[in-house]
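Have a look at the structure that comes next, please.
Chains here go by letter, A, B, C and D, matching the order in which they are written, and residues are numbered from 1 within each.
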Amino acid sequence: MNGQNQDEQEQTGSPNMNYRNSHQAVVEKNKGIRDKRKTLQESVAMIQDGDHISIGGLQYTRTPVGALWEIIRQKKQGLTFYKPLMSFEGDWLFVSGAMAKAVTSWFSGGVTWGVSKIMRSFAERDPNTFEELSLLGLSLKLKAGAMGIPCIPTKSMLGSDLEKTAGLERFTCPYSGEELLLVPAVNPDVAIIHSQVADIYGNGQIFGPPCLDIEAAKAANKVILTTEQIVDNEHIRDTPNSTNIPFFCVDAVVELPFGCYPHECYGRYEPAYEKLGEYGQGLLDSEDKIGFVEGFLEQYFYQPADFEEYLSMFGVKSLLETTRLGRIWQP
Amino acid sequence: MSTYTPAELCVIMGSRSLKDGQIVFAGAGLPLLSAIHAQKMHAPGLAILFEVGGVAPRIESLPRSTNEARSVRRSVATPATVDMMLYLQRGFVDVGFLGGAQIDRHGNINSSCVGPLENPKVRLPGSGGANDIASSANRVFIISYHEKRRFVDKVDFITSPGFIDGGQAREEAGLLGGGVEKVITNLGILEFDPQTRSMTLVALHPGIAQEEVHEKTGFELPVSDNLEETLAPSEEELDVLRGLDQERRYLKKGDF
Amino acid sequence: MNGQNQDEQEQTGSPNMNYRNSHQAVVEKNKGIRDKRKTLQESVAMIQDGDHISIGGLQYTRTPVGALWEIIRQKKQGLTFYKPLMSFEGDWLFVSGAMAKAVTSWFSGGVTWGVSKIMRSFAERDPNTFEELSLLGLSLKLKAGAMGIPCIPTKSMLGSDLEKTAGLERFTCPYSGEELLLVPAVNPDVAIIHSQVADIYGNGQIFGPPCLDIEAAKAANKVILTTEQIVDNEHIRDTPNSTNIPFFCVDAVVELPFGCYPHECYGRYEPAYEKLGEYGQGLLDSEDKIGFVEGFLEQYFYQPADFEEYLSMFGVKSLLETTRLGRIWQP
Amino acid sequence: MSTYTPAELCVIMGSRSLKDGQIVFAGAGLPLLSAIHAQKMHAPGLAILFEVGGVAPRIESLPRSTNEARSVRRSVATPATVDMMLYLQRGFVDVGFLGGAQIDRHGNINSSCVGPLENPKVRLPGSGGANDIASSANRVFIISYHEKRRFVDKVDFITSPGFIDGGQAREEAGLLGGGVEKVITNLGILEFDPQTRSMTLVALHPGIAQEEVHEKTGFELPVSDNLEETLAPSEEELDVLRGLDQERRYLKKGDF
């Protein structure tokens, strides 16, 4: 779904206009065993304005913040983002202008900071900027995309108003006579995912809940995999049961320690609650919400020379403390 | 007689509603407290699931969100979100707890918008997994603070279906789950008439006057012929509960 | 699908007559955290004549031979078995009379022993004893059952004769206009699965390829889990990423070392090739194939007092040798 | 000039047909030998997948079956069988190798039965993953011993679809994969006419007479206007190959 196809979608209302194009994209790409390491800049440069992008993780766990940070720095425009639950990063994507539309089941900050005022100011002005599906509905869009089918039946959302607003078709099972809804598949142009470890070929190992990242990796036409740590391929072959992102899905691998910061990475570090709290409270207290986020973006996204300088703004103590609280032996 | 906050009362009523061996979807806040409380009081074999991918985690400190790593620590498994939600569709989830900005006489819940979605007065965060729980959990318990603006005649938007228009509407829609079995508020307990599927007051909490319930309900609320009074929380129930939230993050006084 | 419902199925040709019954079976069972240990005899006693049973593993890898051995000893009748690829155990189930029908994508011995003469003698006399689907087709039957939907679309089997013989309905996706086939779900009455480790609550950890066992565990109304080794629940909680069978699916846990013998268990032991070779060659050479298998069953299945005595017939050297060849550190 | 067996010839022709970086479904026997041979000769980045759940395994000793633990040793991942087969449907599998009891002029394959399935003369083992590979692999290579009873006008049963009735039948059926690109036999190479989708002789192996091909084909076989002769296996190709199957389990003389 590149910019052009996306327009077709708007016209037809079908997010799966190009089932065949998405299939062909995978057929044609070089899926082989090769060194896929790229810089963060090179990887994000693969994204075109108007693309549909799935974001890994869920709420503020294992969010690929580093890739989003670079997307915003590269001034990408008109993107549609898919995420199971949107958190602070949704505010940043809206205010920066990168996100034209959010497709998600839930959109706010952390639970303790109430409803996102940024989401409200965008969605109340233009409801089309926030397309809501149930969490299973969104999950099945990616699942169907991953399975290589254009749609999949479900019992969720029947009889609700989401059935209508999401424009879901009814379906009667010819074997059982059951009434179901058909969720159309999505094949994002690019999936951005952060794993605890990966090898240079793109074999990724996610520890803790994989959220929808495994589905997204297969559904997407291209995958950018950022990882806390690149490990030797022999380590991957020693632990094949832990590999949940196979290399042939992946197009770029970027080693990016603390790549979810200030969000968390299971087994590696907890969220920087203090910093998130400052941000959340600051947003609540500020008169000019948009201005507040613009200031935050300027300070944390645009001014730092690179991602390490961005991390430096949180400080060593924050990194050490969140690591002390979050690390567990397994990953 | 012991004193307790509305939140404490609701959590304990929620806890009492849970049975040993049940599989429970419980979000952060009061539902999670009810589930943990039940485990400690009478349901050691009850298991809690979180959408993010937590199965029967051991919860030492109450998480800010049930979607963070802290909440899934010591889980027996960490499935993908899609698998967690599909457990609902396959019938594995015995109880789901829900709440919402608006709840109507047929148990439909709105967590999407105040006013029409095309032109909302207030755009709310949305369903999350609530619609899926309402659609497919074997039974649903609603915990809510009782006030007129919440208990409305008809929700502006059905995010999570209860009995829709009442009667057989839910079955006709093809839904799998049993729907809302019980609404627990700080004033009493409400259930649904087997025919009309309309919310009915079946029990009042100690010291609550029926009038207050009607005042704080935005629609004509039928009352059960054998209206009961609930048993006040015991000292033991309160002690166990207060041990779970010592910072009073969720058990604070007043509204919740 | 108990005996009675199975009959309905035969009448309607629908393997998913009772989508609602299968859902209700899961709703009503006690899924909680409790000690689910049972003896092999008690576990297999849960199976009723006429039941539909899914067999874990694939061909001769991680086959739950111990459970099948007990099914045959308990003289179960009229069972329908689902397995991705049937191997020697299919011969045993047919000849013993336990299996009325095999639903599989492939049915023979090991590759090196050619086409199963037993399968031939049954399927050539009554073609309904062997229902063939493609491997993806069979996989999706269980996948749909596991997802709690009555059917699922696929591009496989289109235009083939399997489309007709399997009685698959065509489906046009309302979003993309794509032509697909709908594979009806199956919810077996019982799934029998063998894992390397499990705890007493039924949290199972399968290492190496899980084959279709994860799907079967969710699709089935009841699950019998045999395991090489029962481990402490704390070990499961130390390694939650490795748990692929969650406790709430499982109804019985049986510790059964060498429970796949003479088939293999990944990371624990290789197949007893020598013994399988003797069996395969003996079957090839014998005039009376059925008689040969009956003799084998008498000797290995009916006469031994218990499973340990059955294993004794293969001998210590065989167990040690296959373990030496098959073990790897991980499981 | 070096001598070689029909099996060795076919494996080397198969190997030459593979490109670096391709993802290949290769079953036990000659296809697996072709894939490993290609990795050693010219395609180090080629990856082999096995239905059971093996991804890019390191194959030290040739397994009896590609479904056993030995065959998946040192894999980079061990996915579920359903996921392995779904990789085909999503377009991840560039090449699938197939063979069968009967192959017809349109590349359809029968591995289910001789005679009608309702009343078979011989019931065969069945599809396994063959139908899925034929349906959805990006391209299919058939390797087969060339004999009249195998190369039939019309298969008794279409287990795995080639071009069905020819022409646009495959596209009209809604199939995703590209279908059979090449048939490699011990006599020559056969491809399909872009219009009729009928099998056509495009190359003969060194020393093979065109007549022999026609004798051993059960239908009228068109011959390409520019019929080529394949390049005989080189010493290096044969040495590498023979190193892979020192017990001659698959490279034995004659039929395979």
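Following the convention adopted for this analysis, contacts are C-beta pairs under 8 Å (C-beta built on N, C-alpha and C of every residue); 3 or more make two chains touch, one makes a residue touch a chain.
Just so it is clear, the structure is predicted and the values come from calculations on it, not from any experiment.
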Path length in steps (a step moves to a chain that is touched) from chain B to chain C: 1
Pair sharing more residue contacts (C-beta pairs) when A-D is set against A-B: A-B
Farthest-lying chain, centroid of Cα atoms versus that of chain B: D
Averaged-CA centre spacing for the pair chain C and chain A, given as whole angstrom: 38
Inter-chain centre distance, chain B versus chain D - centres from mean C-alpha coordinates, in Å: 58
For chain A paired with chain D, centre-to-centre distance based on mean C-alpha positions, whole Å: 40
Rounded Å distance between chain A and chain B, as computed from the means of their C-alpha atoms: 29
Chain A, residues touching no fewer than two other chains: 148-149, 154-155, 178, 180, 207-208, 241
For chain B, residues contacting two or more additional chains: 72, 78-79, 86, 88-89, 136, 176
Topology of the chain contact graph, where touching chains are joined (line, ring, star, complete, other): other
Chains grouped in pairs wherever the two touch, ordered by label: A-B, A-C, A-D, B-C, C-D
Residue numbers on chain C that touch chain D, as the complex places them: 58-61, 84-85, 104-108, 110-112, 115-116, 119-120, 123-124, 127, 130, 132-137, 139-140, 142-143, 154-162, 165, 178-180, 207-215, 264, 266-267, 270-271, 273, 326, 328
Interface residues, chain C side, partner chain B - complex: 23-27, 30-34, 146-149, 199, 201, 203, 218, 233, 236-237, 240-241, 243-244, 246-249
Chain A partner contacts - residues on chain D that touch it in the complex: 20-23, 44-47, 55-56, 58, 72, 74-79, 86-92, 94, 136, 138, 176
Residues of chain D defined as touching chain C within the complex: 28-29, 51-54, 64-65, 67-70, 72-73, 78-82, 85-86, 88-89, 112, 117-132, 134-136, 157-161, 164, 169-170, 173-176
Of all residues in chain C, those that touch chain A in their complex: 14-17, 19, 148-155, 169, 171, 173-176, 178, 180, 182, 184, 207-208, 238-239, 241-242, 330
